[in-house]
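The same chain A turns up in both complexes below, where it pairs with chain B and then with chain C.
For the complex of A and B:
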């Protein structure tokens, strides 16, 4: 991530935003190096965007590091690994690997997001044979005794393999402590979400994004403190509500839109109240149970509290229900569908979600991007037209 | 991905069922196996057309990881939307169907099979034989080797509002099937799939009936493996890609486990053996192919919209496919798997887990390397289709790695399954011709020194 929010020095949140930016600069390498210096022999494990059980990693003393591709970095070698009709994040992630930007990582986890990430896991095994690489098959069956059982075994397998490489053994005690920390983060992220909803003029989405993403290469407890600090600081901001439209941003759960694109949406009069940008860190609705067997609690949290996304089967549930609920909770006026070009899961999901919005009378607009998109003019104009239309619609209603 | 449900060796005179509108021209010498397959398919579509009156339940499902024997045990009739899509491609209808879906809001970036199916549905759901397909009583989501399957059936669920049952088949990321993976699939069969089928059909599962089906599957599989392995002969009596997609029709679709399928494969094998005895090659669009100059292994699905043109590009130049991975999407029998009637649910799990696109990229490369060596291939071709991330993501690495390991040069072309906009005929033809010329020069020794140092790549050279 290269662009940064430019808060004025007298802004109460300036200091925390500066720290958040430093944590995300250079693909999170600085915090990883700092952590490794403090924790000699400790393992740092990268993971692709969504649903990674970071709690498990923290429980065995491993630093989880969210990897989101290389943003707008020039791609020189990664392009030769993928055809032009495949999205951007796998090529830029390979680029990071081949250019040594991920050397401080001891391994990578590829959660089951889509066929591209799945195949990338095999490519990674071949390109970096000395590093640990695991594909994490997330269950699509949500019965505790079936999908839950399988997922639990997957988690144990990962913990065992990492233990063989120097991580601590998985223990109830370690897991309980990590769950507590994750729940602290949950509380902090919920406060951030509430502030976005109640006083969006105090929390630009670009800042909320930065502050959430800053947790990608630090432990949950540390991240919780950072988010709390930001929320407290943002709360101190004065300022007046703006005449912006409130939107939910959907479809950007894997390859991340450029920072400039989020800013462009804001400038076009769209307050992003809620989004699915950070499903690697912020993937649960509610806290993980702190009583009972901690591994069961972690499994149960994925099965029953995992946020909806295109990569997750919804069984007999109604498609789009989760989005409508998200819109309602955010008191949003409309939805922006923003998917990475060639992102099969997001783009195949979109027509169904659009139908749900149509049925509920929720206005929406859609566009595609790539993580290295440099021009936002067209998107900004489109978002501007959308926000004008929504305002008109509301004043007519 | 998927396959053709018809035809056979006699492609020359045999447009696949329902492919009346395609550009196939040719005489009419049909093998008995071909005629049998044609009849089987026609009967299946007849059964489908009267399914509702006959009180038969219909399940839509996918080719990889299909549970045909289980459906057979419940006397459910399968419909395979992938096959409908490819048939639409061959009949020249897919372009219009895809446009219809895109007009309805589907992105140009996504899998064209899905859009073709949605377009077909929106325009009357007329199947390959011209009869309207029945609506599904169940969407059996065999979630094997492709994430798009889930989206596809979510979309169909919106259209049909019928039950969906998900069978999540874990990915062989480390190239092995672990006991945990197998147990998970068996658990889902017991907890979700079978109860759902019992509820819909009003019948209890008869395990003996299932085992009988599985025993028949095994016989058909034995024969099919011998057909594949016949390509080790020179000349090869089969084309293992273009011809191969006809051979897999019955076993990857509605017929595995049936007496018909056993009869078809035994008949096909007898015909192939006859050709071996006579030293004869297979029928191709360019005639019987005895002069086989280049033996190729092919990775990736074909372009259905230009199937015969594509095949012609090979056969006109004397290139024959001796093995292909696409013909293994519905089961890798030649790597030892057979359905086991003694362990009905476990064997269904092993089957689903073992399909080609459910295998890790390194194990796909291992398999291709094996084919190149075992089938004495002169080269290999990757047809990279825009639609299919499951197949295509990583194919440039497959290309490189195979060249490195085998010293055999590869070619790389890009097209699509059923979206005619992505078949650049002249471009593909030029690439293929240059590639084959290079193989020729290499054979004659002119390029031996050069290729020993650096393998040739034609196409999207990384």
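For the complex of A and C:
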């Protein structure tokens, strides 16, 4: 990671931000080693940044670990596995694997994001045959008797395979406890989102991002406490509201933008009120049902409470509607489409979403980045021009 | 932006944090128009802590204007505004503020050439100061103020004398217009060959003017070009630019500068801040800003 947010010493959030930063060190695997020392024989399973059933993993005593690529690390070996027209995160993930940075993990889950990640899953299985690796084929049919049934079988399969490797057996009791913890995290993340929306000058998006990302390799209950602590500390900050434009950031759900880019957008006068970053942790809208059959509740949450994103099928015309709804809920002035270069799902969705924005008179601007982008001047200029145009001319032109 | 006659007279401040200097302007205006500059302060950064300097220059400007900061309806930062984040109400992008400042200083301006310490930028604007097109120098520093400052230092010439000496040149020597490093090598060779300081400086100005002229042509600039930024105070630079544009076979352009050119960014920021405050007040969205300034009716 580059250019992590830093807080002055008299900042009430300085201590929690320092801890959050430590949790994201070493590509998110720093806390894994600590957890494994405490939980001898426990399994830690990595997953790509989009939706993964972390609840299921926690329920069987496994530590889920979000892998966000290698940021600005030099890629030497990873480049030989992918063509130049492929996005950056698969090559950097391979690089992490080949250079031993992910050795503390006992396996990897590759949820269905796009064909490239499917391909990465196959390569991983060949490169690391002794490690467990699963391609999680997420259903695109959201009828419970079709996609729901399929997804339930997938979850059971994963739980069974991990049990064979030393994880606890899947039980209703374990699953209920994990759902409860996940709901605590959901509540904390909702509080964070509310504070960003109501008092964005107290919660820079770059910090909200860091605090959310810090949950990538700790259990949900622990993460919920961290987020709650940050929200409480940020609430104590003084400062004054800024006359910035409120924006929704769309398209950064898999390969994550560098911190510098998020900060550049903020410094250019754009308050990121809502985004689709880190959907591995922040995928559900609303709580998972805590009554009834817990596995059914987990399946139901995926089917009916998943955020609208490019790797999730959404019927003709409705995808744009979801974005417009997101803009409305965020009381946003405009949309920034920020997609990773060569990200097929995001870039194929973008024209549909732009059309929806045009139809609704919502200003937008778009650019591409890579996780290792180091120069933000052009993006900052574009975002600055966008912010000024929206505020002064009430258009994006 | 639309002019509103119902706007009250208000004070607002603009802080332009450039690569070489911090500039602060306080204006009294009606919704960012029909106004006047109350005070202007410029201080070179000279390797000092820019955060502390920005705060001090802002305080100095308030004192000079006889105003307490809470009387300002909007404090707008521009340039590298991070240093003013603590006390700014909002930030405007430097292209927008230079455009606004240029139009305020010369109502005929339809293009702005902002020549700062580390970059130069040509901006095409309309009669409301809306940016229509722009081009910027890329990586190389050869079209910028820092380059001229370096050359002046090599030659042992005070920066304020550079323009006057350049105007006295009789046989300017050509230097590289593409690369500052190559141009500096050219200058060393010229000094060895005994070329006069005046001719070297004129050559430097011509080199920069050629580069900036291309930027102006690329944006299809028309009518009047207002030069902003620190280099606008360099008469030699302005003359070289006029000469370059007169001989490059493009449409005729009138090049103008103003004693307040260096303050164009800060001035534009102050005016846009006042406009923005009026806009928010009209919408009932004053909670968006919290600078606490008061309106003064009918000055």
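Following the convention adopted for this analysis, the second predicted complex is superposed on the first by the 389 of 397 C-alpha atoms of A that agree within 3 Å, B and C clash if a C-alpha of one lies under 4 Å from a C-alpha of the other, contacts with A are read in each partner's own complex, and residues count from 1 in each chain.
We adopt the following convention: a residue touches a chain if its C-beta (ideal position, glycine included) is under 8 Å from a C-beta of that chain, and two chains touch if they have at least 3 such contacts.
The shown structure was predicted, so the numbers you read here are calculated from the model rather than taken from an experiment.
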item	value
Fit or clash between chain C and chain B when superposed on chain A	fit
Partner chain(s) touched by A:267 [first = chain B, second = chain C, both, neither]	second
Partner chain(s) touched by A:123 [first = chain B, second = chain C, both, neither]	first
Chain B versus chain C as contact partner of A:391, first or second or both or neither	second
Which superposed partner A:381 touches (first chain B, second chain C, both, neither)	second
Superposed model, chain A: greater residue contact from chain B or chain C	B
Touching partner for A:244 - first (chain B), second (chain C), both, neither	second
Following superposition on chain A: angle at chain A, chain B versus chain C, Cα, nearest 10°	100
Partner chain in contact with A:115 - chain B first, chain C second, else both or neither	first
Nearest-approach distance, in Å, of chain C Cα atoms to those of chain B in the combined model	19
On chain A, the residue positions that both chain B and chain C contact, one per complex	none
Sites on chain A touched by chain C in the complex	240-244, 267-269, 381, 384-385, 387-388, 391-393
Chain B partner contacts - residues on chain A that touch it in the complex	80-83, 85-86, 90, 112, 114-116, 118-123, 125-126, 134-135, 137, 139-141, 143, 145-147, 149-150, 153-154, 157, 310-311, 313-316, 319, 339, 341-345, 347-352, 354-355, 368
Chain A partner contacts - residues on chain B that touch it in the complex	104-107, 109-111, 114, 143, 146-148, 150-152, 154-155, 157-158, 163-164, 166, 168, 170-171, 173-174, 180-181, 183-184, 187-188, 191-192, 360-365, 384, 386, 389-390, 392-397, 401, 414, 460, 462
Touch list for chain C against partner chain A, complex	1, 74, 81-82, 88-96, 130-131, 272, 275-276, 279-280, 287-291
